[in-house]
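Per-chain residue numbering starts at 1, and chain names A, B, C and D are given in the order in which the chains are listed.
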Amino acid sequence: MSPFFIITGIVTLLGAVFAMSLRNLVHCALAMAVAFSGIAALYLQLDAQFVGFAEILVYVGAIAILIVFAILLTRSGEAPEKSVLTSGWLAGIAVSAVVFTMLGWAVLNSSAIPKETPPAPVATVKNVGDALMTKFVLPLEIIAAMIGAVIIALKEESKNENSGRKS
Amino acid sequence: MFDKLDQIFVTALHWLVGFLPDAWRPLASSLICIAFILSVFPAVFSVTTIFERKGIGRIQNRYGPNRVGIPFTKIRLAGFGQFIPDGVKMLTKEDIVPRAADKIVHFLAPVVMLIPVLLTYAVLPFGKNMTVTDYDAGLLFFFAVGGAVELSVFMAGWSSRNKYSLLGAMRAIAQMVSYEIPLILSAVTVVMVVGSLNLNDIIAHQNQYTFGIAHWHVFTPWGLVGFILFFIASLAESNRTPFDLPEAESEIIAGYFTEYSGFKFALFFLGEYLGMFAIIGLGITLFLGGWTSPVSFLTWIPSYVWFFTKLMAIVFVFIWIRATLPRLRMDQLMNFAWKFMLPLALINILVAGIWHYMAADWQRWLVCSAIIFGAYVVFGRGLMHNQKLGKRIYRYAE
Amino acid sequence: MTALQGCLLISALLFAIGFAGAVTRRHAILVLIGIELMLNAANLNLIAFWRFGPHPEALTGFIFVLFSMAMAGAEAAVGLALIIAIYRHKKTSNLDEVKELKG
Amino acid sequence: MIWIVKNLWLIPALPLFAAGIIAINKQPARKLAATLAIGSMAIGFLLSLCAFAATLDHHGDGVFREVFSFPWIQFGGQWMNLGWVLDPLTAIMLVMVTFVGMLIFIFSVGYMAHDQNFMRFFCFLALFAAGMLGVVIANNLFLFFVSWEIVGLTSYLLIGFWYHKPSAAAAAKKAFITTRIGDLGLLLGMVWLYAETDTLNFYDGGKGCLESGALTTMLTHATIGGLAVSTMIGLLIFLGAVGKSGQVPLHVWLPDAMEGPTPVSALIHAATMVAAGVFLVARVYPLMSIGGIIGAHGVPVTTSLTVITWVGAITAIFAASIAVAQNDIKRILAYSTVSQLGYMMMGLGVGGVAVGMFHLITHAFFKALLFLGSGSVIHGCHEEQDVRKMGGLKKYMPVTFAVYAVGMLALAGFPLFFSGFWSKDEILHSAHNWPVSHIPFLLGCTGALFTAFYMTRQVALVFFGNYRGHEEKSASGHSAHADSHSSESSHDPHESPAVMTVPLIILAGFAVLLGFVGTPAWPWFDGYLTGEEFSFNLSKLTEPGTLGLMVASAAIVFTGLGLGWFLYGKRQRKTVAEKDVLEAAQPSIYKLLENKYYVDEFYEATVIRFNAFAAWLCNFADQWIFGGAVLAVKYITVGLAWLYRLTDEYFVNLGFDTGCAALREGGGGLSKLHTGRVQTYLRVIGVALVALIIFLIWGRKA
């Protein structure tokens, strides 16, 4: 449990809490970006270099921007009206609390957790590439097909938007 | 002798670090490298601002700044002292924050701008084994961190609660996002041929000489196209002239940093230029052989010298382009990216693939160049046919 | 409290926070952010177990996270498109009001 | 193959053809029917004479035998060949049947003159003649059986001719059924024979069933009781003969058959039909005698022949004793016929074919003569049949008396001049030499004594003394056609017309002449039938064996005649109701004899009762057991159907409906869950996650 690890942990958790609790949506988005970069730092500490950089590229680079765009497009940049929570918010928090206690209890005293930390695995880009291309080639192609499908769907989406505006 | 010269900085570093106990060595060495970067590149920044203003002046048939000299003396250093008063001006100007602005985000924007840009320098190889951190997935790190810049642009644009700045920010983000893809794809061609994301491997791949000429990627058909795409994309990434719509003075004043003044503006300005230098540095390492010399008999010149000369050469080209090319409209800009750059980049990947698998002889050259020429003509015609470009007609205000 | 347990705890907490946000907040985009957080918590878990698990060289967890990120990207894009479409149609993105399938 | 053998089938065909035409004819053409019937018989007689002549001039060794057969039907792979044979046995029977038949036809023209159903009578007679002739010429047991059945049918029709009389109908049925029982034995024998030898032809060029090849195979096959198959088949066939010729167990129908008109009784129950049984045994004699050990006089002795002899002897003595105590003129003659048939069977059993056949031929003539004589007596006495109401007819019917006396003496066996003596003597002679036992010989002698006695009793009662018919004229008169007959003014008996008396005279002549054919001195008949050489040799008569026997039988006959004359001739019976002499002497024995040893009653008690019981049992079973089963099935199905409806109604439908209703409510409840608010879904997922975690951990712990 190196100090650096704790710091990044705290940073991500704070980012997450703020992302969920701030009133202004843009602030939430930025807090989320902070949380994601914190998680990327955690990845780097867990010697998953490629995933860390990918995390930054995908989440902080693309999804944050996407969400911010969405916020602007739905004109909810300004401070919202009086209450920010839905009607049944208390039950929601209760359930999440229960979920956390369950997971925490499971993590803390489950016997299956190995005590010693194994040596840092070598996850160079080459053997990630090899793994991708040999063992995991099928999922790779499926994901590519999936993203293609999304793009095709979005294209129709935009067409609807145009039609939406016209009508 | 020349090797020692070449490794002078590295030896200096090791020498300095030697004083410290082992536990602290890595920290110390990284701090020293950071210091080195923070000192060298702002210096280069200030010099380029002057080059730029003098260059544009010269191109526009006028002198650039030549008044600033050593105070209380007549020597006017031909304008090269101009960056000092500019800097002082920036620092002393009053920092105005609009009332309606979102204080925190407004303040954070320049910071968030600078952090990723500086982080990108961690990966660039300035000279032989002179890279701050040699990541295995260096290129990915570079693009990952580079991608974060758009977030700051947005923060700036949005936080200043100014329609123009918001509009400018949106345009900037759109442009950066749409040009990021050709940028990455052209880089991907290099990765495909070299087979590794590590920048030093890429340079090592280019560090061979036949008949005296280096194996730079730019001398291969796909390499040339890749470099050109990369060059254009980097222009767009750093919001430089043909694509400098966001902060076009004549359009929407200063784009996303209209509401910034004083030191924040200076930071934005510095961030922009540092971003430009980083992108050019990457371009050099990918296509122009990084710190390797173009010809075999000049290898005695130190590696960092090569790196910085190439850097300044391309900066000069940027300045040149800024002075000559007109600004593109937003839809032309977007069309150019999606309809021309992206397809050509994909074709380039295909060519790189063919290049990689064909035997190294003249047929390979013929096939690849034929494909690329064909693609260029097709896409070019695709772009041209709806522009009814007639003969240029000059219209003067009556 | 080993490092692995630390990571798992962090991811559990992240998950809980994401879930709480997704469930309590009124605004649709925020629900989406909550979901993204939950996804990231899961990825963190995966990488933790990959790092401390028995066969790290198999890279399964590692690559699984890559695919999950790709999926997350696609999912976010579709989710936001939906939210925007709903907003255009119903002029509100408040989940409480978006209840009927009608219209 | 002489022409006569090929055209032998014409002899039975002509009467059959005549019967056909008479039957088809609608209007009653009496003259046409009579001429047709008699004509066909006459031509048949001529053809028979030609056949007889053909067999006579045969000068090869052994017996003349010509066979003609034609393929008739095919079943399976084999062809059944029917056909006829001409050999001395057939020739003699052909001549006898056609000649006697012709005479009886002529007689019946007069006798049936007053009957309306004249046509029908002659049609049946012609049909009977065809059947009888078919039996005689048949070379195939199957053809033999077919004609045998036709004969049985016609005897039923003729006995029941006056079917409006219930007693006649019952007698006809009785005759038909008892002969049928016998025929069953014949049928089984035939089938078994066919199974054994694969052919039913008697003589078929070596392959026939009566020829040596088939006979030896049958002899070798042993049946259950260790008896050879040939004996068993022989006995079964003999059962048929017993039925038809009225031997002891199945003789009950013959006396009752007297219900039919007298020419019928004469033709069928005296001469021909009853003789058919004997002829059958003679025909299959080789089958009977195979494997037997040759006795002293070259006569084989086998089990079947011994059985025949014993049955014959018993029937002879049995029937003779009953005849003594009968009062109906025709019934006395009927029992006499049964007794004489017994003699024939015994003759066949002990003496072989020639002895049996010689007695058959002679008996046919004088028995026909006696029956026709009684017919003219009845005709004369206005249908009166009871001897106690007759008497002193000598004066009224002198011709009938003379002829009848000749017949009576022939039957009784008056020595030297009458045929009966010679044929009976032959039988007694053979019986005497029979190695097995002497009892049949003794039975034969007592039978002869009784025969002589009851014949003299009858003649005395009928022809001598005074006419007792006037006293009860008014009482009796039960015969149907009496009214048409009353036109005769004087009620005295009258002589029959010439058409009836001429055949009687002819028959009387033959009754006398025929005897000389088979005397020991000149055994032509024996030689003719067996094919052995013989010569005229008077010294044979005086041989010690035969002479002694002849003297003994003559003595027996004289005692019988004297006894009969002593009891009935000298002291004439005065009144009808007077008790009979014997009855006075021995009432119990007389009663027993008069009631025919109560055989009918015995049958009545056993067979009929058993039949009735069996019928009742079947009826009961059918009604209760099978009927019950059907009823049970009915109720079961009805119950099941009801059960199905019940289950379908309450379990299947009801269950299904309640199931659907529950499903609908459940669906409703679940649908409330879908509020449309995304967050609630998320909450539910959260709860599910918790549950899953608990389950996994708790599961892991367990």
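Everything below uses one rule, namely that a residue touches a chain if its C-beta (ideal position, glycine included) is under 8 Å from a C-beta of that chain, and two chains touch if they have at least 3 such contacts.
This one's a predicted model, so the numbers in the text were calculated from it and none came from an experiment.
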Between the pairs A-D and A-C, the one where more C-beta pairs touch: A-C
Chain nearest the overall C-alpha centroid of the shown protein atoms: C
Chain centre separation (chain B, chain C; CA means) in Å: 34
Whole-Å separation of chain centres (CA-atom averages), chain A against chain D: 123
Chain centre separation (chain A, chain C; CA means) in Å: 5
Intercentroid distance (Cα basis), chain B paired with chain A, Å: 30
Shared-contact residues (touching 2 or more other chains) in chain D: 677, 679, 682-683, 686
Chain A residues counted as touching two or more neighbouring chains: 50, 54, 62, 69, 86, 91-92, 95-96, 99, 103
Contacts with 2+ other chains: residues of chain B: none
Contact pairs between chains, per stated definition: A-B, A-C, A-D, C-D
List of chain C residues in touch with chain A within their complex: 1-10, 12-21, 23-30, 32-34, 36-37, 40, 43-44, 47-48, 50-54, 56-57, 59, 62-63, 65-67, 69-74, 76-78, 80-81, 83-85, 87-89, 93, 95-96
Touch list for chain C against partner chain D, complex: 19, 22-24, 31, 95-96, 98-101
Sites on chain A touched by chain D in the complex: 86, 88, 91-92, 95-96, 98-99, 102-103, 106, 110, 112
Interfacial residue positions of chain B with respect to chain A in the complex: 102, 104-105, 108, 135-137, 140-141, 143-145, 147-148, 150-151, 154-155, 158, 166, 170, 173, 177, 195-198
Chain D - residues contacting chain C, complex: 675-679, 682-683, 686
